[in-house]
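Note that the chains take the letters A, B, C and D in the order they are written out, and that residue 1 is the start of every chain.
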Amino acid sequence: MTHTTDIRVYYEDTDAGGVVYNANYLKFAERGRTEYLRTIGFENKSLKESKGILLVVRHIEADYLKPGHLDDLLTVETSIESMKNTSIVMKQLVFREKDMLFSMDVTIVCVDADGLKPVRFPDDLKAGFEKGI
Amino acid sequence: MTHTTDIRVYYEDTDAGGVVYNANYLKFAERGRTEYLRTIGFENKSLKESKGILLVVRHIEADYLKPGHLDDLLTVETSIESMKNTSIVMKQLVFREKDMLFSMDVTIVCVDADGLKPVRFPDDLKAGFEKGI
Amino acid sequence: MTHTTDIRVYYEDTDAGGVVYNANYLKFAERGRTEYLRTIGFENKSLKESKGILLVVRHIEADYLKPGHLDDLLTVETSIESMKNTSIVMKQLVFREKDMLFSMDVTIVCVDADGLKPVRFPDDLKAGFEKGI
Amino acid sequence: MTHTTDIRVYYEDTDAGGVVYNANYLKFAERGRTEYLRTIGFENKSLKESKGILLVVRHIEADYLKPGHLDDLLTVETSIESMKNTSIVMKQLVFREKDMLFSMDVTIVCVDADGLKPVRFPDDLKAGFEKGI
């Protein structure tokens, strides 16, 4: 499964270089992952409050390929690369039509919300991800 | 005319108090104004590049009424309060269903993109706003 | 007492208009208030964790007077306008040398960290603010 | 040379998970690089306006090791890993006292400010970086 989320570029996303500020692609990516979760039936808030877990970024490797600009309509594509008991690797690509602007592999770890120590994905979340692979 | 824009609250919008960070309502409001502009046929980028103008915030007066939370689906309502040759006052309200979270009156000034001095709204933009009143 | 905090403008603070993005002055103002608190002996984290309170923004009224630019060294001046049992009004001015860029009156309310309902300022915090008036 | 910049964590930097939001470490890193540049005699604004170049992020590889929290005083350490005619690789580490929170290798490319195409570093900037190696 490749999940897509549309994102409009506003002034808040740009910088004085006239392009989308580099850190903001990580925000776009997190919106994409959040909507991916919502699609398979989960929300960050209930993961924290009901299941006591957080999904945190552990590692990223990213390429900035072309600049984004004010008013662009971008698409974030999110898919699962691989999965373990407590972590998952997702690939996230940001496109403006055919142009790939940004590409990232991100490793997400499931941690308990209090101690922030790695814990196994809850069964239903794991099953949701497995359907997405 | 009251224009509405939907906004989802992501982790990026929240703070360690567990609520939407205060400055981020101004970002939501600008998204609302930008989509208002788009609805009447204008984009920030082309206003700058084709017409040589920017619409800048000159004055705000805002109330924070209730906190927003992670995963909330908010609605920004934008309407025009009054209009002059070089400036416009808009009212912007942020709702979560029936609950009003935030209310702002914002004065926007039309300035030339180079010198940032006030200039009259271009005729077509003025006409677009007047239809919205 | 007028408390001052220096702030350097980085790319993250600017937008494609080539100036400091409007919402970011509210971030600068909060940094100023936080350093004011630190000067009188308090930290946001310990206010929350030890005293169970948050200081939240309830109302703002602000003027954007001149644009800030990349690499500017700005100064936030923070002083107390007035104080009640559960709220305080502060004046915050942002300068670049002699030029005032931004001026804001902000009403801050003391709330309990769980229910976010107004509560009286703790005595020691109230005493700290009173020395600052 | 290892350059260090101190950074205080404010509410704006945190999220509802109670920790520093992942994208904000990239902002901290850019502040560190900007202060590195300032130390060797250069500013982003004058690089753009006088020399017509921008230094843009092309590739990042980063590890999130421990969470940062509200009110933390962090230190960004920046050093040069390697350098070519049009690009440079920097290592940036974020510490809270002895604890390393974040580690990143970032590839920066020198581009012309108009077309955003790679160009050689200006001689004086190259010489400045070489002193830093």
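Points to keep in mind about this one:
Criterion: a contact is a pair of C-beta atoms (placed from the backbone, for glycine too) under 8 Å apart; a residue touches a chain by one contact, two chains touch by 3 or more.
Because the structure is a prediction, the values reported are computed rather than measured.
Here B-C and B-D were compared by C-beta pairs in contact; the pair with more is B-C. Averaging Cα atoms per chain gives one point for each, and the point farthest from that of subunit A is the centre of C. Computed centre separation for the pair subunit A/subunit B is 27 angstrom, with centres defined by C-alpha atoms. The mean-CA centres of subunit B and subunit C are about 23 angstrom from one another, to the nearest whole unit. With centres taken as mean Cα positions, subunit D sits 32 Å from subunit B. Within subunit A, residues 11-12, 16-17, 19, 23, 27, 30, 45, 69-70 each touch two or more of the remaining chains. Listed in rising order, the residues of subunit D touching subunit C in the complex are 8, 10-12, 27, 30-31, 34, 43-46, 69-71. Residues of subunit C that touch subunit B in their complex: 16-17, 19, 22-24, 26-27, 30, 45, 48, 54, 56-64, 67, 113, 116.
Of all the residues in subunit B, the ones that touch subunit D in their complex are 11-12, 14-19, 21, 23, 69-70.
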